[in-house]
Amino acid sequence: MTIAYLGPAGTFTEAALRQVDPDGTDHLPASSVPAALAALRDGRVSSAVVPIENSVEGGVSATLDAVAVGPEVRILAEMLVPIRFNLVATQDKPLSEIKAVSTHSHAWAQVRDWAETHVPQAEYIPASSTAAGALGLLGDETVPYDAAICAPTVCETHPELLVLAENIGDNPEAVTRFVHLGGPESPLPERTGADRTTLVIPLWEDRAGALMEILEQFATRGVNLSRIESRPTGNYLGDYFFSVDIDGHVQDERVAEALVGLRRICPTTRFLGSYARADHKPAVVAGHHTDGAFTQARDWVADLRNPR
Amino acid sequence: MTIAYLGPAGTFTEAALRQVDPDGTDHLPASSVPAALAALRDGRVSSAVVPIENSVEGGVSATLDAVAVGPEVRILAEMLVPIRFNLVATQDKPLSEIKAVSTHSHAWAQVRDWAETHVPQAEYIPASSTAAGALGLLGDETVPYDAAICAPTVCETHPELLVLAENIGDNPEAVTRFVHLGGPESPLPERTGADRTTLVIPLWEDRAGALMEILEQFATRGVNLSRIESRPTGNYLGDYFFSVDIDGHVQDERVAEALVGLRRICPTTRFLGSYARADHKPAVVAGHHTDGAFTQARDWVADLRNPR
Amino acid sequence: MTIAYLGPAGTFTEAALRQVDPDGTDHLPASSVPAALAALRDGRVSSAVVPIENSVEGGVSATLDAVAVGPEVRILAEMLVPIRFNLVATQDKPLSEIKAVSTHSHAWAQVRDWAETHVPQAEYIPASSTAAGALGLLGDETVPYDAAICAPTVCETHPELLVLAENIGDNPEAVTRFVHLGGPESPLPERTGADRTTLVIPLWEDRAGALMEILEQFATRGVNLSRIESRPTGNYLGDYFFSVDIDGHVQDERVAEALVGLRRICPTTRFLGSYARADHKPAVVAGHHTDGAFTQARDWVADLRNPR
Amino acid sequence: MTIAYLGPAGTFTEAALRQVDPDGTDHLPASSVPAALAALRDGRVSSAVVPIENSVEGGVSATLDAVAVGPEVRILAEMLVPIRFNLVATQDKPLSEIKAVSTHSHAWAQVRDWAETHVPQAEYIPASSTAAGALGLLGDETVPYDAAICAPTVCETHPELLVLAENIGDNPEAVTRFVHLGGPESPLPERTGADRTTLVIPLWEDRAGALMEILEQFATRGVNLSRIESRPTGNYLGDYFFSVDIDGHVQDERVAEALVGLRRICPTTRFLGSYARADHKPAVVAGHHTDGAFTQARDWVADLRNPR
């Protein structure tokens, strides 16, 4: 029961994985989100942990795109990880003497203000992950940088990395949302009352009209959107799909009926899962959108169709 | 199995009744629409025929109001009757010598242009029905008018009425829609593919918002409205309900789901029946609103809820 | 400066007229709403007072239809008159001995419950107005009824009418709204902050879509509807226009812009006037729909179009 | 009159710059989109060319984010550049012997299928730009890769780069849209009839409702959206703004009025410019949304407000 994750060890993704499987060791670090997904789809692993949304950088495009096409997958759980960055090096030196800094481009985007203030002279060298940048400092090969920016966990496991500056993220509240993905036959997570459902909805030609039609499918059933992001399909300029999170579980009648409506108007709508919210915030549902209201109204219509 | 109708004999309502029961004789003329409804609700008759919509005067308020409150009734069928008017008298005389004309106020409204041109000197005397006005001319008591306006059928059954002018309606295409009403336990008319469903929907405080919410319940399921009329509830100025006809039958999935939605947002929504259209005009339904589309989308959601 | 009104003297309409012109005498009673309108349009009178909306019977169709077509008119003011009914006769007698009662059909509809309880044996004889029915009892000619239902004012001016029962309306809160109409060149009533605007809006083929488009013109500018009623055009079954009251004055920017939108999508939209509400209830307007918000937003766009 | 652009020379951005300024030489390559924007805002350059939308990768986040905050800028023109990729090296060798390939991560995403098929053994080394990756092969310092993926123009200017494979993009139709940006005082580009307007619209708390309100501001004026993309504000998970392209020019009345509406409901709406479409595709406008329709409707309302 191996779990793939966006590696290497020491990244924020590994911290998220630890929330799902604190003591496990059967973990496969993947070099990219598509690689983690491929391992899941090939059956080499039984599940995978990848980032899906970052409070600073937005939806993680690689994940949104990878789950939107190809064999279906299911979100089994979501995990929130606070994002903290350290500046590390192998030699203690004043910040003003650092020549080049390496880290993943997403991490660099999140420390940009700090860097412009404290290490304005440093060149930026992209790395394939925050951990890879830091560990490069410890390797045998020469690297073209003398400092790196990484997650605190890397420092814990590699005490030979000196922390030159701690908690340097521009937004101290930064958090990343990760998802635990399984195959399409995974058991549906139980409804908790504080759930989220994730969907992929293609947007057809007439964008304004199509988007309004989609939104009305939610509005008429009192379903709230907690995230809506557009992504290009890659076919041509202006061809999009939407990645959407809604409050509620497919076992909620209002969600189920909204999905029926979406699937009718767009038969390629994709269901990515219903699962418990990491923040345990319950959905607020007006009386006429509750399961009870659906049941009563359906009973009424059933009686109309079959007068006693 | 008596059928009540808005009498007396010789009115357009009797012509409508003849479409439902051509050869029957067990008919009870009622003095008003509420009286016909009362006979049905009391069990004195098994069904009733009343006018519901006139192409010139609009919805027949007495009917719309009578079916909207009180014990439930069901529309079993609708009938269309062309509206033709004759000017009758007991003595042949030039139109310019007619002093007063009697008829029902709705009929008077439909011949107003003709009357202003041909009998501008005549006073108008209201009658409780077109037939009553005409038959008053034949009665023993003196009536304060010397001509009447009535349906051609009255002339056929009372040859002593002289026809001074034929087909005097201002709109030669005028037609009135009648309905055949039964009790709430009546069998639901079969779905024909060219059906109509009639509803009573209260309009709550915020009129613009409420009306849009109602319309969206139809729009999201591709249900077309063929009639929408407002009526006051009688409680206070500005308190309304809507009388609505939609294309389709409650056995159509799109109609059933729209009714579930309406009933949820407004639990006092009233169903008056699904029945064949008199004009046999089939509903035009887009592919994604057909029963097949509903079935496929529901199967999809059912599978999501119970992964195999 | 004669004022026409729906007569005869002694009706509720005359009471409304007294609110506009308490001491005047230059008043022309008209036999019908169309007749009052014709006098205004012909220039025989300078203005006219007619009923427009009844809390029990709804919009007064004759008025809604008469102002919707033909030469334009303007509503200059609205007046509210409480509706009270008395049962009158020329001889004192027990209610159980009354054989026939005459009144206008709208009045009859408003006392129906009382009548069914107190004079169930009495036949109903329609009259062309409440006053006409009562005064018929005093005339030289024999009338086929021995009691009438009329407004209290008739009793005041005709003490020979005995009041057999007072205040017999089924709804003691019943009120009728009247309007004072002038020609299209009438000065626009001043904006008071508690205003109403009345419109006539045709409804085109696709009813659900057209109605939503109309409502959105109001909704996007935060304009609330206080009345919306459908009326048939008389052309064919299912052809309607809407008579609509909105909160606010055409001098309010949100109302003006909504009218521009309506007029664009429906060039035959008709403006019947902006005038003070009889109840002085001020419009509730969200901050982003105020005149100030419009001015700021327009200045912003004007600057964009002409960068300095 | 220096023009900044996302450098270095040899990138697709330089090709876009050549469309604006074919023969100029006063060009400043910037190391990042924010750096190009900073040069413009500081007054070091008079304008800047940056990518805004890629048919494969979607909106260019760095650009969308950089123009959404900070001092205002204006889009003066848009340019389309077809995207073609070559695999280059300094030594001719079979593809199967390539050990590591460097390029910008966006470029890597666009050749992923080709790479998995033809150089599956190669490690991916991120570069800060496609040109930087290729030129690294020619530098004095050792680089940890033996091939690079870049635009054909780099090969033209550096013949010492051997082309191992041509036109290796996964989507041969790939195209990137670039914009030419000026300061807020730039003259407004003339209306051509085939124009685009770009906006930044914050999305407030209630996402579904807010998004519908925004879309209705466009819908009620017949304004079509050609692009709508969400971007996080960076404040917290779920806080977004929308980057939107609409068909038409702020000098079009329908666009101007939609902007007034947007600005009212969201006073921080930002205007990024109206400019000619690179594809010269004219906007399709229904009759009731033309400038003529606006003028007529406004004249009508102006007359209502000032009766002659």
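Order as written gives the chain letters A, B, C and D; numbering starts at 1 within each chain.
Everything that follows uses one rule, which is that a residue touches a chain if its C-beta (ideal position, glycine included) is under 8 Å from a C-beta of that chain, and two chains touch if they have at least 3 such contacts.
A quick note: this is a predicted structure, and the numbers were derived from the prediction, not measured.
The minimal number of chain-to-chain contact steps leading from chain A to chain C is 2.
Residue numbering at the chain A/chain B interface overlaps substantially, since over half of the positions present are found in both copies. Centre-to-centre spacing of chain B and chain D amounts to 60 Å, using the average Cα coordinate of each chain. Mean C-alpha positions place chain A and chain B at a centre distance of 58 Å.
One finds 25 Å separating the Cα centroids of chain B and chain C.
Counting partners per residue, chain B has 216, 219 as the residues that reach two or more other chains. Those residues of chain A whose C-beta lies close enough to touch chain D in the complex are 31, 34, 53-59, 61, 105, 112, 124-128, 141-142, 144, 171, 173, 175, 177, 206-209, 211-212, 215-216, 218-219, 223-232, 234-240. Interface of chain A with chain B (complex): residues 184-188, 213, 216-217, 219-221, 250-251, 256-257, 259-261, 263-265, 267, 271, 288-289, 293-294, 296-298, 300-301, 304-308.
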